[in-house]
Amino acid sequence: MIITLKHGTSDQQMNEFIDSWKQKGFGVHVSKGENLTILGLLGDTSSLDTEMVSANPFVDTVQRVSAPYKMASRTFHPENSVIKVGNTSFGNGEIPVIAGPCSVETEEQVISIAKDVKAAGAKLLRGGAFKPRTSPYSFQGLGEKGLQFLVSAKKETGLPIVTELMDIRQLKYFDDVDVIQIGARNMQNFDLLKEMGKTGKPILLKRGMAATVKELLMSAEYIMASGNENVILCERGVRTFDNYTRNCLDVSIVPYLHKVSHLPIIIDPSHACGQRWMVPELAKAAVACNTDGLIIEVHNNPEKALCDGEQSLHPTEFAQLMKVLPQIAAINGRNV
Amino acid sequence: MIITLKHGTSDQQMNEFIDSWKQKGFGVHVSKGENLTILGLLGDTSSLDTEMVSANPFVDTVQRVSAPYKMASRTFHPENSVIKVGNTSFGNGEIPVIAGPCSVETEEQVISIAKDVKAAGAKLLRGGAFKPRTSPYSFQGLGEKGLQFLVSAKKETGLPIVTELMDIRQLKYFDDVDVIQIGARNMQNFDLLKEMGKTGKPILLKRGMAATVKELLMSAEYIMASGNENVILCERGVRTFDNYTRNCLDVSIVPYLHKVSHLPIIIDPSHACGQRWMVPELAKAAVACNTDGLIIEVHNNPEKALCDGEQSLHPTEFAQLMKVLPQIAAINGRNV
Amino acid sequence: MIITLKHGTSDQQMNEFIDSWKQKGFGVHVSKGENLTILGLLGDTSSLDTEMVSANPFVDTVQRVSAPYKMASRTFHPENSVIKVGNTSFGNGEIPVIAGPCSVETEEQVISIAKDVKAAGAKLLRGGAFKPRTSPYSFQGLGEKGLQFLVSAKKETGLPIVTELMDIRQLKYFDDVDVIQIGARNMQNFDLLKEMGKTGKPILLKRGMAATVKELLMSAEYIMASGNENVILCERGVRTFDNYTRNCLDVSIVPYLHKVSHLPIIIDPSHACGQRWMVPELAKAAVACNTDGLIIEVHNNPEKALCDGEQSLHPTEFAQLMKVLPQIAAINGRNV
Amino acid sequence: MIITLKHGTSDQQMNEFIDSWKQKGFGVHVSKGENLTILGLLGDTSSLDTEMVSANPFVDTVQRVSAPYKMASRTFHPENSVIKVGNTSFGNGEIPVIAGPCSVETEEQVISIAKDVKAAGAKLLRGGAFKPRTSPYSFQGLGEKGLQFLVSAKKETGLPIVTELMDIRQLKYFDDVDVIQIGARNMQNFDLLKEMGKTGKPILLKRGMAATVKELLMSAEYIMASGNENVILCERGVRTFDNYTRNCLDVSIVPYLHKVSHLPIIIDPSHACGQRWMVPELAKAAVACNTDGLIIEVHNNPEKALCDGEQSLHPTEFAQLMKVLPQIAAINGRNV
């Protein structure tokens, strides 16, 4: 249930009103805009009488929410969520590009790539230390050591780092990580999502391989309802009947999420198509339809990459792409 | 099997060589570029010995084709196919926009919309006279009379017309139609495809709802092998597990087809998303990744349209979109 | 809208009542059971007032139908449709098995297989003369000559024949065909469906590769609304993200259709799995969940079949299977 | 790589041979049948020379395995794995039925249902204590207390219990649990799978909503490669484009897994269809095609169930079904 307070309601009045709900067992989410204060009631509101709530003198309007997600809904929070990471932000009109290798392999490798992508205009560095691999016999990532290499690259370049956490017991190594990625295979690992709600860090939540958009938003809701509203959503392609691409990039999610949610949505063209030469075209499409960011794999020696080399851009290819994207962004009044 | 002839082979030598293959029962497809003549052998070439063929003095290289489509393959025909319709072309770097109502309803309606979309920059007029409807009780289109109204609009505005043919017995009414559309539900109506091969007209072939890209190319191959190489492919969204959009627009098909085929590929954002407000964002994405054209539904009174009104742009919305698309096209060195 | 007449309504009263609806422009479908007469009103009944219709003295109950299919709905026609073909029937509790080669190749072949499958207990003979092939370069079937071979086999064995029609112009060759099959790729070839409505013959309508059950029923409705209620539905597997089988057999369709429709539903395990050794297991599953029939590919020399040999049973394998199926059917109180 | 030892090789010879491989860094999996000893080499065997290995006097044959799963492969382990739980077994020809409520609600409820399903012939009791729910606002299960109620029901009836573990930190409560279920949403939670490999308990591994069969086997391989070969696979329906059932039951997985793997595969018809009245038909189909077990939701008051009531059978419906299943099983020479 969404309650809009009348203009002019004092903070004290508002706080007393909120307390009265909390005493009845409801959670209350407060969204304070310049002219508008919106309260979102969390919990089983089905038995509440809309007219009774409206009768309160501070209340302007009362509205039931039919969508199952509440905190993630734009109805609850009409303005864009802006999620700051280092000197950049997701959701305020910028289009930050996150770039780096699929897997961290050596310290030199990740520092070298970090320098290259920074020079080309990337705002964050990505790199996998804990790797979710379909086969137990595939390279599983360098783990803690991989994280140390990423931190070295961060020190060297100043780029904030984004890396995947697969299990809550890894969290102790993530102190210097700026954005924690939850991968597609863990999108409905609900206990992990609840734990992400307890960290203060921005969470990059990837859409599952066959997750509906509603399920993606429900998973974001798990994180938000557990206390962390810094959620960045990420589309990385979905499964269909065809396999000419690794996955099918679903660009429509960008305008759709902009309508129904206030959370930023970014695109991962690398995992979507799985083929290096196609990445730039998909990145351009994503920027044209107003993505709030990109995450792109870059490797200095893609042919010898330990993981997903065939979908990684070479730094020179990445630099070339980064010259085109700002031109498209400008047409939409945005910066890369 | 693809045979490249040596530079300097005379026409007579080439013709004798071709005849020798025809006598053995093979079809021969000739693709003559400026510096290169390529012969494509059609038929069961599995028993041919590559080395024997190479031994011929005019032959430069011999290559087996693993893709099941041949005439539609870029290996067979390295340069883009350019398909001229009226004063515009598909495949030469332009991005013609086809616009108009889902269904033709009245003569005034279609003429009015035709004038509007022409003024906004559309190069062709679309409109349905024979309508494939899931229910036998839904409006099935005006049929022959609908075609007459389209022809009136063509006379009034000069715009070439694109309309769907559902059954070969309708062909007699299509004399003044410039591009024949074969709809998604008929993509594997093979007898109809063969008949399309016998007309000289450009064919707009829509991808089936769950057709693989390979199957789309095989259906194009049916038309081409039956004598008509003027095929324009069209992506209109595919089926997935999610239904937040009517279909899932698969933009990756654009770069992929540019790599494997020489046929132009256009995008239908209206049927893909099924929601008016999302159409402009998808159209921009399509242009950014180098679509060879767009087909967009426009209706002067979308709320009262007899079919698919909720996905039709109002002419003013269309005009607004047509101001943005050329800016994106220009970044790719193209014109809308 | 469904109108149940009171017990004791005379035929004259009923006919006058029906006429009154026809004069208002509605179609009327009459379903007369032993104790119950049900009228189904076809057309736009949204403006009718349920209470006004109830006021008529002969009317017992009035019910709006929300499903978009009407004639195919069990609400319209509560008893099973029984479709007789030769000495067997679909929909009356028997489980007729249709068997034969994917493609008709020679007269000897089809007669030999026909004798074998008859001896094993098959009630109908299948065989393709007009073949829908993804590639224009694949064997397209023997056409008219193939039909003649099937008719020879019918004369020799007495088995009624089932074969696919792909184009309305082939209908002239189908005089001696007992059941016309409309293939998965033509399930939404609406003009062809309308023509099937004009023949008196039973139609075997296969579900499209990615057609919803509702769409299958709407396609049946096209045939029925055009005058032919003898429709047998057929599940042959659908497309999913996995490809370990050719298609995914969706057995749930059997109990579901038994609930919502009165039309018989049969299963094609051969096309579903595409692998010979798996066919018997799927056939057993289908009989266990009450399929109204089976259509199974049998070839006397599967390794050399011109089409789909890898999914065809050898006659001895078929005979073995036909010993098991009746035992499972008996548990459900049915005969194969 | 699979090495078959010659008949007559002594244990000492075999052990020395195995040690020689371990010293080179390979894992060795031993499968000892009555007449045949098979060694499976785990690790990167690509550099090994097949002929060199064959040269060893004890070696009969050497074979490379192309499938990415090894320990789960039937090539590695030709005989069925038999997984004992209490007095019953999965994989030895029996078809144990696991039954019980979706969620544990009260002690009385679970004991009452346990008695009912035992009386009807169920061999194990299921019940959810930790519940994976799409929404954070839905009932999340009773947790530890729910497990205690299950244990009470086990004591009361002697039925072994099966329940889902969602997070490794819950393992401490699972001492008295007989089979640990890993749910569809955690099928690729690789760290959790590795932990399951360290427990000695049988693991019921459910197929993910859009997981390929190969991915399911790779996830089983994670558990097995981590030390636990007691894996029971479970099909519970997959996602498709249609939604007339909750998921699409993919029965073909049963014969397919019997061919490629030695692990038992059971069917969950309740989650597959999501509709009570359809469950018995799907259960019969599963038994007919040789499932190695069933898991079925039963609730004593389905209309008031806190979770998934609409797909739960009432105990009397379950008892009725349990009279039919043994008859079908008997046709395949099996017992329920």
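Just so it is clear, A, B, C and D label the chains in written order, and each chain counts residues from 1 on its own.
Following the convention adopted for this analysis, a contact is a pair of C-beta atoms (placed from the backbone, for glycine too) under 8 Å apart; a residue touches a chain by one contact, two chains touch by 3 or more.
In UniProt terms, the chains line up like this: A, B, C, D = 3-deoxy-D-arabinoheptulosonate-7-phosphate synthase.
Please read these numbers as outputs of a predicted model, since none were measured by experiment.
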**Q.** Pair with more cross-chain C-beta pairs in contact, given A-C and A-D
**A.** A-D
**Q.** Label of the chain whose CA centroid is most distant from the centroid of subunit C
**A.** A
Q) How big is the gap, in whole Å, between where the Cα atoms of subunit A centre and where those of subunit D centre? A) 35
Q | Centroid spacing, where centroids are CA-atom means, of subunit A and subunit C in whole angstrom | A | 49
Q: Could you list the positions in subunit C whose residues touch two or more of the other chains?
A: 210, 239-241, 243
Q. Looking at which chains touch, is this a line, ring, star, complete or other?
A. complete
Q.
Help me check something: in the complex, which residues belonging to subunit C touch subunit B?
A. 42-44, 68, 70, 132-137, 166-169, 185-186, 188-192, 194, 209-210, 215, 218, 221-222, 225-226, 239
Q: Flag every residue of subunit A that touches subunit C in the complex, lowest number first.
A: 210, 239-241, 243
**Q.** In the complex, subunit D residues that touch subunit C
**A.** 210, 212-214, 238-245, 248-252, 254-256, 259, 272-273, 277-278, 281-282, 284-290, 324, 327-328, 331-332
